[in-house]
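Listed below are the structures to be examined.
In what follows, chain A forms one complex with chain B and a second complex with chain C.
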Partner chain A sequence: MIQEKKSKKGAFIALVCVVVLLLLSIVLENTLDPIKNTTFFTVLRKGAVYALVASSMNLLNGFTGLFSLGQAGFMLVGAYTYAILTIPSASRESVYYLYGGSVVNFSLPELFGGGAFGLIFGVLLALILAGLVAAGVAWLIGLPVLRLKSDYLAIATLGFAEIIRAVLQWDKLGPVTNGANALKSFPTFSSFNLPGLRLSIFMAFLLAAICIAVILLLINSSYGRAFKAIREDEIAAEAMGINLAKHKRLSFCISSFFAGVGGGMFAMFANQAQAKTFTTAMTYEILLIVVIGGIGSISGSCIASFLYVAASEWWLRFLDTEMYIGTFKVPLLRNGFRMVVFSVVIMIVVLFFRKGIMGDKELPDLLRKRKAKAAGREGAK
Partner chain B sequence: MLKIDDLRVNYGGIEAVKGIDFEVPEGKIVTLIGANGAGKSTILRTIAGLVKPATGRIRLQAEDITALSPDRIVSKGITLVPEGRHVFPDLTVLENLKIGAYLRTDSLDHDLEWVYSLFPRLKERSWQAAGTLSGGEQQMLAVGRALMSRPKLMMMDEPSLGLAPLVVKDIFSIIKKINDQGVTILLIEQNANMALHTADLAYVLETGRITLSGTGEELLRNEAVKKAYLG
Partner chain C sequence: MQYALSIFLSGISLGGQYALIAIGYTLVYGILRLINFAHGDVFMVAGLFLVYLSTWFPLWAALPLMLLFTVALGFAIERAAYKPLRSAPRMSVMISAIGVSYLLQNLATYITGGLPKSYPELPLLSNNVTIGGVSTKWVTIVTPFLVLVLVLALQQLINHTKVGMAMRAVAKDFETSQLMGIKINSVISMTFIIGSFLAGVGSMLYFTNYPSIVPLSGALPGLRAFVAAVFGGIGSVPGAVVGAFIIGMSESVIKGSPFSIFSDAFTFALLIVILVVKPTGLFGEKVTDKV
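The block that comes next holds the complex of A and B.
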């Protein structure tokens, strides 16, 4: 009972933190100079998107113990679904110029009557549909793939992600997917800016926070317990009456749903959706975030995603540009060296810091532990 | 309560169980004893639905439950305490217990109290990760977890495996206590001495066949059993 109260308190503290973060995002975006801080703002937006995708991957890899590498594929499905459903009718001709227009001739924001109302509901519905389509694809892929275990599952999902990418670039599907060309001019985070009040970062944070909250609720429900049981011991889980196939499929589809929503948000962040950006390398980036943050910790995934995005987009950028000190050319610094450094980081993490930043703890757990320690010390006195 | 007719099970191409019939009467402790590889575990796994039988029927109170899925069988009131305990190591003791009641939707408070009263040690450690418990405590947790599904029949696979003799004694006295409270128990054991002293009814299994049956006391006095299993 006492413990339950405490975890409620923890949830309350977390909620307050999230609200503060959301308010802070509005304040930051409207007080800092947007031109000088472009990189910082990019990091915040991309970090929010990656936090969601990393959390969805953690749900599958960390909590259910299914090692899947299909995340980029499901993001791609989500991004395309979102883009195809929201490109304004007026822009369709110019976006699909190679195919003489698109076969999908409606746009969700316009169906809702346009304006601010149409924008909000159109975008929300498109994101939800993006998730649902990704989940549907996951369900189909899951039928054969979820019979596999560990590395085999990873290889199979990786393969399917590549197949999805190839199919969406297929020329015959051009009138729907625009072939290998980018989809653009759909509503992005900046579309939510009001005159005099910029809300693009706030929107990214809000959407990510809602989705991550749903993932957290799921993990703390009895379904979440069943997922963890499957991760820990399949034999015992089955003997306790947990239907393995059903729960694995559920976890796979839910994870893909949020990867799909994350993909839609990634399109909003990048202002365009193109199949060639959703490569295996993207899955590895997300896997890196999950591992650094701690496998089995959602707060770890969130923290690590901002750290990772900041490092790759901002702090470590200098590694990719040639640098001269006086006339001395610093060795090794050239295009691509950043990825070498990242590879070394992941090796160090895997070898020496297996638990990542958070292990399998969440932020409220850390608070609780400190309190328990303090109480213990007082008791000792 | 549980009736098994002509059960045959193939396991990896080998016929592990070669046509057995036996019965578990309601409210009793029944034990299957036999050497390694006699097919004891296979029988329990088949009843639990984890392995599909080649032929034969398994009936629970006249209802055919042969080849139902494991979750359906658990919801019918049969639960298995797997060999080697198989607790969920990174989950807390309480979470382990709650997973035992996964298929139930009613309130668990009453049963949690019941399990904690049977195993006061688990209550003390309810917030500890199950992997940090001692072997005996883990066995208690595995039994408690199985009880959380409120079974009519609890099947136990080698509960004494790898435990100190004193702990084994504790476990068996608790098995008796659980049985007194109305749970039928089907137990398989290599520790034949302990099992036969506890059981109301016993079957001796040899390479997939039942060769002897009787009350626990009868088998304890049986010369062949003495020679083969009691030493």
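The block that comes next holds the complex of A and C.
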């Protein structure tokens, strides 16, 4: 009872925080000079997308204990579904110029009558469909793959991601997927900018926040507890009456659903969708974000993804350019050095700070603990 | 006929090259139960070592030095990235392996400036030869025999020396062999040394067939070799070799067909089929999980 009250209070505080963040994103985007702060805005948008994808991966790897490396593949499915469904009919000819137009001849925003209403509902529906298609693919893949254990599962999902990439780049599917060429000119985050009010970052934050909230609710439900039980000990969980196959499949499909939505959002962020960007390296990147944030902590994943994106796109940029202090040329600094420093930092985290930023705690847990300590009640969890 | 022969030749040589990488995977997995994701990148770095060493030294000195450096790299990776995590959950070690792979790729990009480096011409291996009307390089002919010799030597080492016996014991049971007075750390280092040595030889054979080498050129051969190791039954050296030849041959056949874009997809499909149908692979031992 007390627990419930506490979590309700926590949920309320979290909601307030999210609303404040969203408002802040609107304020920031409209007060700061958009030309001077391009990098900052890019970091915010990409960070939001990565936060969602990292949370979805954390749901699977951190909470259910299924070590899957197929995230980029599901993102790819989501990105393509979103792009194919939303490219305006007028632009289809030019996007699919190699294949003489597309087979899919409608676009969701136009089906809803175009305009602002059509845009919002079309994009939302396309994102949901992107998630559903990714979840469907995951269900199919899960049939054989989920029977495998830890590292075999990792390598099999990695393999499936590669297969998906090969299939989507296939020439014969060109009229649908545009072969190996990029899909472009679909609605992006900046399509939501009103005259006089820029909302692109707000949209990215809002979509990511809604999805992450759903993931959090799921983790705190009885399903989430079943997932954690499976992570701790499969045999004990089964003995407690948890249906292993069903719960694993559920976790895999839901995680892929959000990866698919994240993929659609990534396409919105990048203004294009192309199969060759969604490589294994992307999965590794997301996995490293999850590790840095703490395996089993959603708020950790969110913080880590913003830190990761900011560090790689912004803070460490100076390492890539040659620098002179007076006449002294700083050694080592040249193109590519940023990534070396970055991967060394990641290795240090992986080796020496294995718990990451948050461990398996969420932000409210930390606050609560401090309060409990202050009141002199040791051991309160 | 000529076409079939050329496909066969390239399949055999690819298979041999994959076999040398696959042995590295299978030995490490047999002992540490770890997919050494960095192994493919060690293979790539070995190629880069030769590129740089051959500009500074004559080739007869560069080749042994390359092998020496590759072995040192493999040893260093194990000591720095895997040894501190010996008592950690398996997932952490795997993540560490992924981190090492990321680091090696970025380091290679930094040093090469992201540009493709042309691989030096090796005397004899790079020369052309014509067999049955098919023109190919000597390396295609040499590879299977060299692999055979190396694998036989490795089998001798594993089955008939003290180190080999220790390796088999550690693979069977980590803790018991420790109690029996086997120095686990040196045995593990030994497997990494052998694996890196073979990867170095493999890189010499593999990159001779290609004009240049980029930081990402180790990733896919590494994954394919890993699939080969799983296919043959991970932990078993003969299994890895047989698996590698099967994978190399099927890749060569598909690359020659209109479905060449699906060559990797096929490799992974093969992996999934074998994992579902016979998870222990062709020659693997059955492992039972205890509660």
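One rule holds in what follows: the second predicted complex is superposed on the first by the 368 of 381 C-alpha atoms of A that agree within 3 Å, B and C clash if a C-alpha of one lies under 4 Å from a C-alpha of the other, contacts with A are read in each partner's own complex, and residues count from 1 in each chain.
Keep in mind that, in the parts below, a residue touches a chain if its C-beta (ideal position, glycine included) is under 8 Å from a C-beta of that chain, and two chains touch if they have at least 3 such contacts.
What you see is a predicted model, and the numbers here were worked out from it, not measured in a lab.
Asks: Mind checking the superposed model to see whether chain B and chain C fit together on chain A or clash?
Replies: fit
Asks: Classify the contacts of A:R147 with the two partner chains as first (chain B alone), second (chain C alone), both, or neither.
Replies: Once the two structures are laid over each other on A, A:R147 reaches chain C alone.
Asks: Could you look at A:K361 and tell me whether it touches chain B, chain C, both or neither (first, second, both, neither)?
Replies: It touches nothing on chain B or chain C.
Asks: Which partner chains sit in contact with A:R249 here, chain B, chain C, both or neither? Use first/second/both/neither.
Replies: Touch partners of A:R249: none, neither chain B nor chain C.
Asks: Have a look at where A:I235 lands relative to chain B and chain C in the superposition and call it first, second, both or neither.
Replies: Both partners, chain B and chain C.
Asks: Spot which of chain B and chain C makes contact with more residues of chain A, would you?
Replies: Between chain B and chain C, C touches the greater number of residues in chain A.
Asks: Please work out whether A:F342 is in contact with chain B alone, chain C alone, both, or neither, and reply first, second, both or neither.
Replies: Second partner only, chain C.
Asks: Tell me the contact category for A:F160 with respect to chain B and chain C: first, second, both or neither.
Replies: A:F160 contacts chain C only, not chain B.
Asks: Which partner does A:V291 reach: the first (chain B), the second (chain C), both, or neither?
Replies: In the superposition, A:V291 touches chain C alone.
Asks: Using the superposition on chain A described above, determine whether A:A226 touches chain B (first), chain C (second), both, or neither.
Replies: A:A226 sits against chain B, while chain C stays out of touch.
Asks: Once both structures are overlaid, what angle do chain B and chain C make about chain A, taking C-alpha centres and a multiple of 10 degrees?
Replies: Reported to the nearest 10, the angle reads 80 degrees.
Asks: Can you report the least C-alpha distance between chain B and chain C in the superposed arrangement, rounded to whole Å?
Replies: It is 8 Å, taken between the nearest C-alpha atoms.
Asks: Taking the two structures together, which residues of chain A meet both chain B and chain C?
Replies: 235
Asks: Across the complex, what residues on chain C touch chain A?
Replies: Per the stated touch rule, the residues are 33-35, 81, 84-85, 88, 90-92, 94-96, 98-103, 105-107, 109-110, 113-114, 219, 223, 226-227, 230, 261-262, 264-265, 267-269, 271-272, 275-276, 279, 291.
Asks: Within their complex, state which residues of chain B touch chain A.
Replies: Spelled out, the residues of chain B in touch with chain A are 48, 50, 69-71, 73-75, 79-80, 82, 86-91, 95, 98-100, 102-103, 127, 145-146, 149.
Asks: In their complex, what parts of chain A are in touch with chain B?
Replies: Residue positions touching the partner: 3, 222, 225-226, 228-229, 232-233, 235-243, 360.
Asks: In the complex formed with chain C, which residues of chain A make contact?
Replies: 61, 67, 144-145, 147-148, 150-152, 154-156, 158-160, 162-163, 166-167, 169-171, 235, 280-281, 284, 287-288, 291, 295, 334-337, 339-340, 342-344, 346-347, 350-351, 354
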